[in-house]
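I have placed the structure first, in the form of structure tokens, so that the comments after it can refer back to it.
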Amino acid sequence: MGAVKLLFVVQRPPYKSENPRLALTHAIASQTAEIYMDEGDSVVPIVAFVGDGVLNAVKNQQAMKLYGVTSTESHIKNSLLIDMQIWVCKEDMERLGLKEADMVTDAEDLGAELKTKFVSYADIQKEMENTGHLLFF
Amino acid sequence: MGAVKLLFVVQRPPYKSENPRLALTHAIASQTAEIYMDEGDSVVPIVAFVGDGVLNAVKNQQAMKLYGVTSTESHIKNSLLIDMQIWVCKEDMERLGLKEADMVTDAEDLGAELKTKFVSYADIQKEMENTGHLLFF
Amino acid sequence: MKLAVFLSDWRRTEDTYERLKADKLGVILVGNGIYHAVIKENGKESPILSKAGASFYVLSDDLETRGFTAANVNSKVKVIGYGDVVDLIMNDYEKTAWL
Amino acid sequence: MKLAVFLSDWRRTEDTYERLKADKLGVILVGNGIYHAVIKENGKESPILSKAGASFYVLSDDLETRGFTAANVNSKVKVIGYGDVVDLIMNDYEKTAWL
Amino acid sequence: MGELTIGVFSSLVGSMSLDFSFKLAEAAMAKGHKVNMWLSGNAVMMAKKGQKPFKDYSHNQKRMMDLIAKGLAITVCEACAEARGYHKEDTPEGMKRASMDWYLAKTVKTDRLLHIGGE
Amino acid sequence: MGELTIGVFSSLVGSMSLDFSFKLAEAAMAKGHKVNMWLSGNAVMMAKKGQKPFKDYSHNQKRMMDLIAKGLAITVCEACAEARGYHKEDTPEGMKRASMDWYLAKTVKTDRLLHIGGE
């Protein structure tokens, strides 16, 4: 089968449900899925935040300090560190009054080279068409 | 303390969450709460359906036949049977295009004398003011 | 793409549905999504049903669980069973999206 | 009545809040309700904050968990801690309603 | 000092309303109030011993045990627990199981009720 | 005949999306399709033996056991289970526990994926 693309689409804010966090941890698990796959197979995930889902990518989340729970910010940074693509919908940021300076733009503090991509909804729609399977959260 | 009034307000439709059903089962439990109370104390519940919560009181629910789960209709009928007041907001029924003929109006088949009361929101607001505690679902 | 979208909520908390495009789009109403097929709020049919070019389906088990029958369903929407849902997923569409 | 209302959602699925009346009304934004205190969707403040005569509060723990601080909060809303929530419930209001 | 009764229906991992409830109970007890808690619906997920404190998931067991030691009265809905496969022997030390009438009865004498009936 | 993989994240009692998933799996298997199921988030509530079949609560254990006997491949997220206090010895017969990569790997060869990522 070769490489299968998976698009994880997060449509809702963090902390009301566990599911936005699980979108990230499931996508990250693509790194270790080889043990269950045939030689040469792989999965290539992209996590895209759309609608109110962009609130997951607001920076400076203090979830660990205040509730002892890993923040979605931290999961996004871990994703960038393993070169997993993180997309955030620009139109939705603008609608909610969020600027790039308010968002997790990179994980340079962890040594990651990949940066968050701020994309238009049209880019996400195009990726929905190209991807093997869709996973909405 | 004597009798304490409790108003259970169900604001959301059935089957998306267990909670509208739990509103009814908790209210019904007022019948047996005496064992935990002092002599002369009692709780008097009313369950009011407002907003999309009125969808809980639509009749002919086939939840038992199709999913093996007691319907909210059945819990409403059991409530009437033990003389527990069931209120349904008229304005919300009208907004959703529901007529009294579409609703659980009584539990005569079980031998209940009490009937569902179709009330205006103003009646529910008034009861909120009179009641000891509010329980929103 | 040929996409089967599942809607399971009455009051929706996403706006993805309005933006989604597909060459062939099927909308399957399940769970509390069935209210879109039967309720006319303030006399108007659900805006869900105005998606251009889409085919609409409602799961009869979930309809009847909530006290409605095929007689209540908007004429744009076809009433189907679990077996039909399987066929739509496996034969008629390539991808699914549960919103 | 003196009523403390808790809002814990951003996209709400009830319309009780708009209809509720109280002689003294406190609105406590917790969980994802905090977004009403900090987000201006399409440049407009949340309609939640236009309830006449109400006092508005937001829980700082839930604000900071989501990446916001007191500096982002609408001037109509007071930032409070858990101890303040206790005092509001026990001293300032008689009844509570978690919508 | 007063008496506060908190009823919660939200799941262990999800909305964080359970986390909120325990932090509120802690703050209320620190001010000298008596606190009762009723866990029903998905909140009965607290009625299972041995929950691992991973950082990716809400974990309230430790705070709950500390509060029970300080006098928190906490009871879970017995039927809701059994339906989820939690039996008597799964119940954490100091937590009671009862039917819903326990909660109803508490509303009679409590000064305030905070009923968290949504997720 | 094809292969269908269903991923579910919804709780046992609540939205009835789990009930939907098992009925869909049953219908697909009746038509001769192979079905894989992945339970994560609150759907790991299925990973607890001995759930009592009360009529007031969704009960999927019986249907699940029947489908497993007929060849349903079902795996739950191990960390999600442990965080809720479900250990290896709690797991129903025939259900596997694994980390999330099991699900990811299934997406490679499956003909269709139905991912139910909300409550």
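By written order: A, B, C, D, E and F. Residues from 1 in each chain.
Please note the rule applied: a residue touches a chain if its C-beta (ideal position, glycine included) is under 8 Å from a C-beta of that chain, and two chains touch if they have at least 3 such contacts.
As the structure is a prediction and not an experimental result, all values here were calculated from the model.
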Via touching chains, chain B connects to chain C in a minimum step count of 1
Per the touch definition, the chains contacting both chain A and chain C are D, F
Which chain has its C-alpha centroid at the greatest distance from the C-alpha centroid of chain F? D
Check the residue numbers that chain E and chain F use where they touch, and answer same if over half are used by both copies, otherwise different. same
Which chain's mean C-alpha position is the greatest distance from chain A's? B
Whole-Å distance, chain C centre to chain D centre, using C-alpha means? 35
The distance between the C-alpha centres of chain B and chain F, rounded to whole Å, is 33
Roughly how far is chain B from chain E, going centre to centre by Cα mean, in whole Å? 25
Note: chain C residues in touch with at least two other chains are 8, 11, 13, 31, 61, 95-96, 98-99
For chain B, residues that touch 2 or more chains besides their own: 12, 15-18, 25, 52, 67, 133-134, 136
Residues of chain E that touch two or more other chains: which are they? 13-16, 41-42, 56-57, 59, 80, 113, 115, 117-119
Could you list each pair of chains that touch one another? A-C, A-D, A-E, A-F, B-C, B-D, B-E, B-F, C-D, C-F, D-E, E-F
Name, in rising order, each residue of chain A that touches chain D in their complex. 13-16, 52, 55, 58-63, 65-67, 71, 73, 95-97, 102
Name, in rising order, each residue of chain D that touches chain E in their complex. 6, 8, 30-31, 61-62, 81-83, 85-87, 89-90, 94-96, 98-99
Mind pulling up the chain A residues that touch chain E in the complex? 15-18, 21, 25, 64, 67-70
Touching chain F in the complex: which residues of chain E? 11-14, 41-42, 45, 48-52, 54, 56-57, 59, 79-80, 82-87, 90, 119
Within their complex, chain C touches chain B through residues 8-11, 31-32, 35, 39-43, 61, 64-69
